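Labels run A, B, C and D following the written order; every chain starts at residue 1.
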């Protein structure tokens, strides 16, 4: 696989720095005029219950493969210049970064569309699971039927 | 041998991370499901009732799919990545 | 005016750091689950011409007032938790940051909508002007009729 | 006195950043425009032809608006902030 795969879609335990990812995507082209970023963070409340901890698990190789498919399709379908996707796994505290999608393009409209599509597609197709710890115990969240 | 991987809630139900099944050189996912049901009927029901998705060598597959010796099967509960 | 005005909408010469703005908005609430960010950067090409430099001018006080109106309306109309808007003025090189909009909310959908609306509204209502320097000279860009 | 501010391309046309006009205690934007036209007919035409917007004390105003001594008027060419 290309180096693009290794750097542009990642699943990792450690935190990421939004500015670093944006600066990396800027280097791809001097024709980038708009960059839309979606950052998902750990909320305290879920269905009215207080969450104390989140835990993410993924299916290695398949999850990375799905993220790369999303990146390729976003570039193709929305005409953006580049996309970076990073998802963290392992224990995540309230307020911490979970997932980042960066869509860079010449104009803003396609970057909004691509970014919003990509996070929905990630939730739909990428084998990553979230376990929430609340006062009543631990539960695997099942969002997608 | 065919490897079956269990993820998230499925791992708790199975009580293990993966299984090995000897199904000959070629069979279908539905036959593998019947084999799984012998020791874990709940999981068999979840597969047949589409409560979990099944992947073959990293791609989502239907129950009619042919699987071969050496394939990696995974049982995937509904995803909840992102936020 | 409140301190929110001073920190959440700003027009400034110096660059901004996206991560710093995101971390600032995260502190507003532990119920933030989604943060959509739009970053506008200086493109090299405009209508086929190579741009060597950009220069932004604003109408002081009125521009800040319009940005604050956008922030207030975005929070009210889209039900987001907070919005930060920063626009730079003065000379800006190709690839440099120009404008940043950060929309934080409980869920992702309203943050995408609010962020996309805010950048369109900024372009429509905020007295800021861009001058492009190309090989054929300098020109004030007139986007909005 | 009424202060008139020129921005962006208007400043180049006017050749200055601002002007002062003595229009008495109260008048309309249209009267001020006629006064501006005496020395800068191009700018007067741009205002009347809606090529530029006009603000009074930081709010966009119509040509029929009443303006008063001490008001700050600005002539605003089409905006091009953002990207």
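Note that a residue touches a chain if its C-beta (ideal position, glycine included) is under 8 Å from a C-beta of that chain, and two chains touch if they have at least 3 such contacts.
Bear in mind that the values here come from a model prediction, so they are computed numbers and not experimental data.
Q: Count the smallest number of chain-to-chain hops linking subunit B with subunit C, moving only between touching chains.
A: Minimum step count, subunit B to subunit C: 1.
Q: Return the chains common to the contact lists of subunit C and subunit D.
A: A
Q: A-B or A-D: which has the larger count of contacting C-beta pairs?
A: The greater number of contacts lies at A-B.
Q: Measuring from the mean C-alpha position of subunit B to the mean C-alpha position of subunit D, what distance in angstrom results?
A: A distance of 73 Å separates the two centres.
Q: Using mean CA coordinates as chain centres, what's the gap between subunit A and subunit B in Å?
A: 26
Q: Can you work out the whole-Å distance between the CA centroids of subunit A and subunit D?
A: Each chain reduced to its C-alpha mean, subunit A and subunit D end up 49 Å apart.
Q: How many angstrom lie between the centres of subunit A and subunit C, each centre taken as the mean Cα position?
A: Here subunit A and subunit C have centroids separated by 23 Å.
Q: Using the touch definition from the top, which residues of subunit D touch two or more other chains?
A: Where subunit D meets two or more other chains at a single residue, that happens at 83.
Q: By residue number and range, which residues of subunit C touch two or more other chains?
A: As it turns out, subunit C has residues touching two or more other chains at 33-34, 40-43, 108, 119.
Q: May I ask you to sort the chain touch graph into line, ring, star, complete or other?
A: Shape = other; not a path, cycle, star or full graph.
Q: Between which chains is there touch?
A: A-B, A-C, A-D, B-C, C-D
Q: Quick one: in the complex, what on subunit C touches subunit B?
A: Those in contact with subunit B are residues 33-34, 108.
Q: If we count contacts the way the header does, which residues on subunit B are in touch with subunit A in the complex?
A: Residues in contact with subunit A: 5, 7-9, 12, 55, 58, 74, 76-83.
Q: What residues of subunit A sit close enough to touch subunit C in their complex?
A: So the residues of subunit A in touch with subunit C come to 17-19, 22, 26, 30-45, 94-95, 106, 108, 111-112, 115-116, 119.
Q: For subunit D, which residues count as touching subunit A in their complex?
A: Within the complex, subunit D touches subunit A at residues 83.
Q: Going by the contact rule at the top, pick out the subunit A residues touching subunit B in the complex.
A: Counting only subunit A, the residues touching subunit B are 40-43, 56-59, 61-63, 65, 87, 98-99, 119, 122-131, 140-145.
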